[in-house]
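Below you will find the structure I want to go over with you.
First chain written, first letter: the chains are A, B, C, D, E and F, and each begins at residue 1.
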């Protein structure tokens, strides 16, 4: 019993450390990738090729003056940045990142806990991230953040629905909510081959949930200054960004598990490379894709975004489910 | 007296549920009231998950309530941008009395009914999987299920019709 | 003494009563709605406990239906409140003092 | 450029007595109009002679003791024939002038600017407030008697 | 609909591997044009005497009124070959607009503009931007 | 008992956009009346950058005014000096030598390209395409290097003076310019690849901020705003100045008068500017760069302080600085097609060496006047795109 608890704790610690590393270097990657896409260099001053920049950013933000907006609703104002980072940390518990290994005679699963409703759990915890934005926007007692908060509430409800529907196809194919089962299913062939439409819809909905361009309406800086975090400064501001990049990491990880074969190597002659490394490679690729998208496209307008979700994505996701079901019946699924 | 660890969990969660329920009723500010209800629903979900072995219901509870309904409530509260005066209400003693009286009557009824329910619930995991649940929904309760879907559809239409100024 | 159906029933009843009380004493339409959700939640707890104690999954099925109904009710309710707010400039139920408008 | 003399004669004929003076300098034609003929004369210029574009409207201060002290200068253009015409209207200090907003909506801000800088009142203007300067700014800076070192705010 | 979107992605991806066109400024500096109009320098002639004869044209032509100049006699022709020098010659760089009219106007070529553009000064306030004659005679940067 | 109407007196709320806002392109303030996110009324408030150029000019000689003028639109400085110099030359009745004319055209068109590039970049960035902004700055940098080569500074060149240009084009300028013109079409293609057919870009710009032909003329909108509404009007064609009559170029026009049309118009204008520069380079004659008559600018430095020192030149130099030149009494209006629209100078001269009244007809100001009309009924997010399509510079709005 105690050993089991220690194992879980160690796994959690490692995952948390890796997540934080991803968050820190995610910010750097964002700036580096955008720099190179734009024929610039990006951060270059701190450390070799700017590798210590996240540290410098963190230190700087930590020592910045903490400004609290006047007439703000203090409790929610402080609560919002804290909520921002919680969902991602909760979510890492169910993401498998490798095949079971045997260490000191114990079989250790490379996942903190393999619950049988893992996907539902992910959806459930991710639904909390909207509160950070809504509370941040409302409690600042300022019009631009409020607009950002309102937009985000509507955007979130719409895209959470589509996100859920898009992964339904995967669940139907595999027949399980467990991420481990889903990855095992993809040992020979990636899910993206069976569910290409679902993958596209998932990526779009995930980008929208992450509030990233072309769907970054809640924080569209050219319209709403900073959206929900306009009035935030110092550590609280940093927390929002920690949350954003942590959510990006988790979303990418889920995409890898659901569609890109998890920790399995894509080609058999490379299968000697350990699973977790494959997992990280794929994760970085999806992460990069999100960055790449952001620095290429213009932004949707808010109402276009809603129309896009309800009139195009939602029917597409439903069609995907129907088609999956139809194919399963036709070719001897159920 | 032996204190079962699960009992401690139950009383802890029940306490939280009641506390947050009190919050919903007595906090003046609608945002905090809604926040309190959110806490209430989440703790209830944890109760389902930990003691009743119903992870599916727990997750659905969070997804539906936290992910949609409460966001929706907050959205409306913020949209209305209520001024300070709007949510300052005067306590109405006779209504309070009325409420308490009705509540007591109802409680009495429930307790009479519940008199025989004295079985011990086995806490912890186990219980029904998603499969069993879906089996019931799509066989015995298929009519109810379809009716609920019609209800939701009608509700969505009605909401649009009500809230939209110009159709 | 193990926690049994009785304790769950008490919990459920208390939550339900608090919701009912709120519905009675609050005049803010949104909070009245919140209290209604609270009442539904109280009922849900009872259903879940009964399902658990009877060893039947049907209680959980009912809970799912209740959630669906709650969602539908929230949608309609919020729409009513929004249009009420638009036409009356506030959401205190005391403002609903016209027979029709 | 389109032959000027032709239509200019017609304009003068049409406006008759309200043309006080007309002159030409570097190929540009200027009509000095009587204030009482506004805004009718402008409407005639727009409606009958096709000056559909008000290019510019500005004030000029001729000096404190001059008569008339201010001129309001309209630069008009016919977008079809490319003819251009400058119309000037003289004003005494403190006198108002009918607005041209009804004829050319684009005159709105330019009249506000003239009001801002010279204190010329445009009668009937929909929103005659200062354009550039603060609402409580003292004086009218482009007047020739405006002290360039600024007012003595102590007083 | 999808084609142009993919095209955009291709464009940005292509740039990922192109060399950066930016310059790491404090470490590297981009070359400036020959005609660059940077900070002013007052010139000396071959004998080390000041070329400026305090005629005041630069002060008169300056649209911003940034130049302050007071002339003085130099009867022994020690510091100038015309017997007159600028006792005070100050440029207020908080006013200077670098139009170069002073250089064009100077009848003796006594004031020139160099390619030195790093004129930031420490601390708050604009007093540091008020440069006197000694500073203007210093040789720095491109001179 | 209150009636329903009494409960519902106010459904809009006021949002103050600016003067500090990322997408008002400076210190523009727009007071918005919003219903939800829909704009009921937008009221621009200007003047935060007012520098009193017109008043300042009254106390300076014609030559000293010139550097003030290119600070109006700090993104297309040569065009502003150009218009001012043309106006003063018209007042003086001076003809500029052909080489100077062509040099002016080359630099003014270069400034148009630079101005349109920065418009495109900021417009795209407002709509979210940040990368385009950096790409346009890459090319704009080359135009600024070219201007720096010719004039010595990157901005506020004051390169054009009354009667000609200050210096001849330096060595190496023309090859570098040709090199730039060679790569320009491919770069414009690159921006178009990112935007023109991009569905999101079109969704954000099409059918938005529609300015009808009649409104455009009546409100005094000029430049690409007018052309985007389908009016084939270009002062370079309508009243050719500085030798524009000798060049072949097209006037791009839009059909619907929406933001997308104006985008296409400006993109095409960059290509047309390139065409004009190429023709000007082809025809660039040798010869003097100052008008000989009138003694309008300082004499050749060689005559004043060089080998061929000459007392007459020295006297000219002193006279010019101390007194300036005396244009005849009269008044002129001269306008050019600046990148942002019609830029006009109305000079009233009383015969003294300082302008009695210098009136500047600013394109951005007049184009900004259409903002309430364009934005009514659209969303807040659209306002950003509409402000972008106006292509305003606050220095040019506020004088």
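Keep this in mind: a contact is a pair of C-beta atoms (placed from the backbone, for glycine too) under 8 Å apart; a residue touches a chain by one contact, two chains touch by 3 or more.
Here the structure is a predicted model, which is why all the values come from computation and not from measurement.
Minimum number of contact steps separating chain B from chain F: 2.
Highest C-beta contact pair count among chain pairs: B-C.
Comparing the CA-atom centres of all chains against that of chain C, the greatest distance is found for E.
For the pair chain B and chain E, the distance between C-alpha centroids works out to 73 Å. Per-chain CA centroids place chain D at a distance of 43 Å from chain E.
Here the CA centre of chain A is 29 Å from the CA centre of chain B.
Among the residues of chain E, those touching two or more other chains are numbered 5, 8, 11-12, 21.
Across the assembly, chain F contributes residues 13, 131, 138, 194, 198, 200 that each touch 2 or more other chains.
For chain B, the set of residues that touch two or more other chains comprises 56, 60, 68, 72, 79, 81. The touching residues of chain E, when paired with chain F in their complex, are 1, 3-5, 7-8, 10-12, 21, 32-37, 55, 57, 60-61, 63-64, 97-101, 104-109, 113. Chain contact summary for the complex, chain A toward chain E: residues 33, 35-41, 44, 292-293, 295-297.
In the complex of the two chains, the chain B residues touching chain A come out as 31-32, 35, 38, 45, 55-56, 59-60, 62-63, 66-68, 71-72, 74-75, 78-79, 81, 129-130. Residues of chain F touching chain E in their complex: 60, 63-68, 71, 131, 138, 141, 145, 148-153, 156, 158, 166-167, 170, 190, 193-194, 196-200, 298, 301, 304-305, 314, 317-318, 321-322. Contact residues of chain E toward chain A in the complex are 5, 8-9, 11-13, 15-22, 24.
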